[in-house]
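Presented below are the structures under discussion, each in the form of structure tokens.
One chain, chain A, appears in both complexes that follow, with chain B as partner in the first and chain C in the second.
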Partner chain A sequence: MTEGAAQVPGITLADSWRSFRTAIGLGWAIEANWSDPFLFAIYTMAKPLAAAMILVVMFQVITGGQGTEFLQFLIVGSALWNVVFGVMGGLVQSILEDRERYKMMKYVVVTPSSLFPFLLGRSVARVLTSLVAVVLTLAVGVVFLGVDLQLNLLLLVPATLIGVTAVVALGVFMAGWCLQLRQEAWSYPEAIAGALYLISGAIFPVDILPAFLHPVALASPTTWWLEASRRALVGHGAPGIDGQPGLFEVFSDGQIMLFLVISTAIAIPLALAAFRWFMRRAREAGLLDMTTGS
Partner chain B sequence: MSAYGSAPASGPREAAEWSNRRIVAVNLRAIVGRAYPRVIGLTREPSWLFFEIFLPFLAVSAFVFVYRALGAPEAFVGFVVLGGAMTAFWLNVVWMMAAQFYWEKDQGNLELYFTAPMHLMSVLAGMAIGGLVMTSSRALAVIGIGSLLYGVSYDVHEPLALAAVFLLTMIPLYGMGMLFASLFLLWGREAFHLAQLLQEPIYFLGGVNFPLRALGPAVGLVMATLPLGVGLDAMRQLAFASSDTNGVLPVGTEIVILVAMGIVFLVAARLALGYLETLARREGRLTLRWQ
Partner chain C sequence: MSDELAIHARGVTRIYKAKPSPVTALGGVDLDVQPGEYFGLLGPNGAGKTTLIKILTTLLLPTSGTAKIAGFDVVNETAKIRRVINMVAGGEQSGYGLLTLREQLWMFSQFYGLPNRDGWRRVDELIEITGLTEQRDQKVRTLSTGQRQKLNFARGLLNDPWVLFLDEPTLGLDVAAARDLREHTLAWKAAAPGRTLLLTTHYMVEAEQLCDRIAIVDRGKILALGTPEELRRRVQAESIFRLELDHLPHDGGIAAISDLPGVLSAVPADDDTSDGAASDRVALKVALADDSALTSVVTAVAERGSQLIGLAKSEPSLEDVFVELVGRGFGDEEEEAVS
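Up next, the complex of A and B:
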């Protein structure tokens, strides 16, 4: 190592914070400021509300409005899932847009800062938009559909912090993975989020899934996050099917939180290690300025 | 004589005066040329096939499990599978028709379309025909896999009427896509947001996952504007003839509505394209990228 190289300072926390902050502004500009504000507001509200209303109408058609426990289950799951789509979609779209559309990825990578805080910051706008969608969907549920909120903040706050962190970890993994792809990278977050939607019990109890999928469901932090959040928001988790007790009814709130912590603690280091490996491979294979035309 | 059947002209005036036969031939070639990449893409990029079957199938599965959790009659599973298949066409209309001119502008192809000696309607018709062929394979796969996996049983008394309703649904659906292609281009960089906006809200209004009648008074709006909803309602009546769920209107009436919608959307698309072309030539801003 030369003397000069040894004197090059490393990336400090302040550098990362500055990158993160700048990327937040950039992400918000791209997401919102460059759009028509009216259209952006409509888009932010209409999509999640329509997704929830589809489930509400399905529920009404079959039950005639009986059984509010299931309705609350649907509304909370549908609302919270906006975070998963927002985070995973936001991280992946950010990295792909910067590589394919704006062609800025290589310039960000060669700056003294790390790509990681930039990537997180760049996706914050989408995450915030998804949080607005969560609040809005829950508000509509409470005001118009009779959802009875029974807030347990002692459970809700840690569940949200840990759950969203787990979702961000999954998003980071996806972002690194999508950098490797030649085609259809844009579709991967939707596909993975869609698969998670299916196995996490977002809009139906996990019990209804075929038994061979139960271990997959229980391994995903999103399953535990949804269950913990439901208990914290409406006072109950997933209902049982056909009068049978639900899969999670045997677990206490503390046990649900414990499983959320364990699954998240496994997901985070795996996601970070995978991202580091994906980035190294992207540098070696020249993927950082690749344009797939997809 | 060139490979395209045109002889060298003696002067600019002669070159500019085309016979009707030549105009028709060029536009037919444009239709085939624009449809070709979409049809051939079926074999060239298998990952498309995976995603375009897998994604609608995931959504279909989620809604099937919701109905099962609610203890719904099995006919509703069939409704969801049919709705999921029709979703594939709607996604194709939104992303590969409506947003297409915007992407073409970003890629620099749009000015080539404007300067080529063909009508833009031919390009849109090519996109529609190619998209229809491409998406039909996806929709059939969703119906096949969904029906096998979830045990859907159909009760079709009038297969010809069902096929006719499907085709009559596609005409206004793709006509709407043609109209949106011009509008998306005019609205500029909002194309992504607009395309997103045309998904869940339209699935809701179109009754993709539940009988359209359940929408109550809003159903009148759907009947007047949304071919996806009208077509699905008619197809469900024909595909599940013995189910207890009635359609909004008799199939015959819905066919008349679809025909009227087809005419309205195609004429509106033609007018919107004319306006767009005028703008492109007068102001030139439609060929500016990132706008």
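Up next, the complex of A and C:
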């Protein structure tokens, strides 16, 4: 054993990649196998559409069918927010389900693969179903609600990749935080995502927010992601209020992407550092196999 | 020195924050387990056994003290430790219910870094060893408690660990399933003598059957440590025999035996059920300084006209040892403490 001990490697990139790939399969099985494929497909389509339609109907009632620009703003924001809710909720749910429902987290933790790639892999299914929801919501917007799609793939592809990465980073932070909490913490990411929903310009422009919330909004990568995505999908970003120019109108597409990259580049190491700290704290407090079921 | 040990712990303490006051689950545990040794931690609920396993398997940090597995520190070298250990806990319904038994094992084979084809081969091999062939394509949620625990055990062997931790592995299993699991554990040892096992249990028979050495643990401390034989000798230095005679020796009765050299005492046995009215049969409990005095006892009995009908050496059980050390039996304290 002593001779062999000197040869024992730590976690390698190959380990992490293998864990990530394997966890994708597990995530998909858990995400999709709870029902038969037909019912799962119906659920995947109906949920985001219903949420978007509620907003649209409210908007139409309030505006009397006027304000196409705002309708487009609303539909794109509502569509993209499926990713935020899906990914953040999915990561937290993975942590809590694996620990408390399946009681398997401790067995994953004691393998040579880190929990981090496992969690990322578990979230891939949620990212994919969320992207399907985005596409469906936009399609309904185009076909039935007059959304004028002006695709700019050169902007859309990098904005989506970086934006989803930023959302995953936020989800990793949330997952680490919820590891410290009881089973009921599954509702926390919805609260956080809901707060981001309000400040990131998902359903109304950031300009409407009180001035003291502007720095918070501008620090969040989701704000820049939504703005970049709107420009890439419908050709313009958030509209101004009362005839005033919008907060982001002074920025070019390149500048918006630059802010998205910068805010994401800050969010990723912060999320990783926080997750590492939360894991350490979970080991200190004995939370990795805690069962708090109520 | 510690590099040569499978498990090395010095002063391992774990205090849980709790209200109204902190709970000391481990109060400075020292432990050395040699490679190839099957070691048991025997103690009641709340003794600190599971807490120690959690620390040694890197799930929990000690409040103070140091512990190493195969020379790797449990606080700072977790990645290396996780490559050479595995663990199986009992008394729980764990598993991804939506996966089949075979899928779940394969998934973990990937987490342990087995190449795809080798992973499937290892999975099928373990399914056969643990007798789960018929259930291999069943969803985990449809398995019985015993089958789930066998699956759990198979997962624990996937990476052929240097050190395997079994935490109450037979808790909640029926007699047959528990016996199967113990047999699998012994077979695992027999297949490669260098493998090390740390078992926690509160079943005496399990500890005796599986372990080379046992530590008796209570309230976060190791009270005694040794082979089962050494532990018994701690509470009973003398050799005690139960003699069953057709009648008491004619010449001197019990005193004829108790006065013999090497005999410490001779008294009627507590379990003497002979019916004095119907027969003269008698059972005696004879304490000897050592086994060699038995010959003179048997000779003296025969010389005095009594016939020896039965002879059995009386061994204290591990529970006797526990009661002697702790002052209470295993069943006397069932409340679940922090562990």
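Everything below uses one rule, namely that the second predicted complex is superposed on the first by the 285 of 294 C-alpha atoms of A that agree within 3 Å, B and C clash if a C-alpha of one lies under 4 Å from a C-alpha of the other, contacts with A are read in each partner's own complex, and residues count from 1 in each chain.
As a working rule, a contact is a pair of C-beta atoms (placed from the backbone, for glycine too) under 8 Å apart; a residue touches a chain by one contact, two chains touch by 3 or more.
Predicted model only: the values in this text are computed from it and were never measured.
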Three-chain arrangement built on chain A, chain B and chain C clash or fit: fit
Partner chain in contact with A:53 - chain B first, chain C second, else both or neither: first
Which of chain B and chain C A:62 touches, first, second, both or neither: first
Vertex chain A, arms to chain B and chain C (CA centres, degrees, nearest 10): 80
Contacts of A:241 with chain B and chain C, given as first, second, both or neither: first
Contacts of A:195 with chain B and chain C, given as first, second, both or neither: first
Touching partner for A:111 - first (chain B), second (chain C), both, neither: second
Chain B versus chain C as contact partner of A:213, first or second or both or neither: neither
Chain B versus chain C as contact partner of A:284, first or second or both or neither: second
Smallest distance from any CA atom of chain C to any CA atom of chain B, in Å, after fitting: 6
Footprint overlap on chain A, where chain B in one structure and chain C in the other make contact: 34
Residue ranges of chain A touching chain B (in the complex, touch as defined): 34-36, 39-40, 42-43, 46-48, 50-51, 53-55, 57-63, 70, 74, 183-184, 187, 190-191, 194-195, 197-198, 202-205, 208-209, 241-242
Residue ranges of chain B in contact with chain A within the complex: 45, 47-48, 51, 54-55, 58-59, 61-63, 65-72, 76, 189-190, 193-194, 196-197, 199-201, 203-205, 208-211, 214-215
Contacting residues of chain C [partner chain A, same complex]: 3-4, 6, 16-17, 35, 54, 57-61, 70-72, 77, 79-80, 82-87, 89, 92-99, 103, 107-108, 110-113, 155, 159, 162, 194
Parts of chain A lying in touch with chain C, wherever the complex brings them together: 1-2, 4-5, 8-11, 14-15, 18-19, 21-22, 25-26, 29-30, 33-34, 102-104, 106-114, 118, 283-286, 288-289
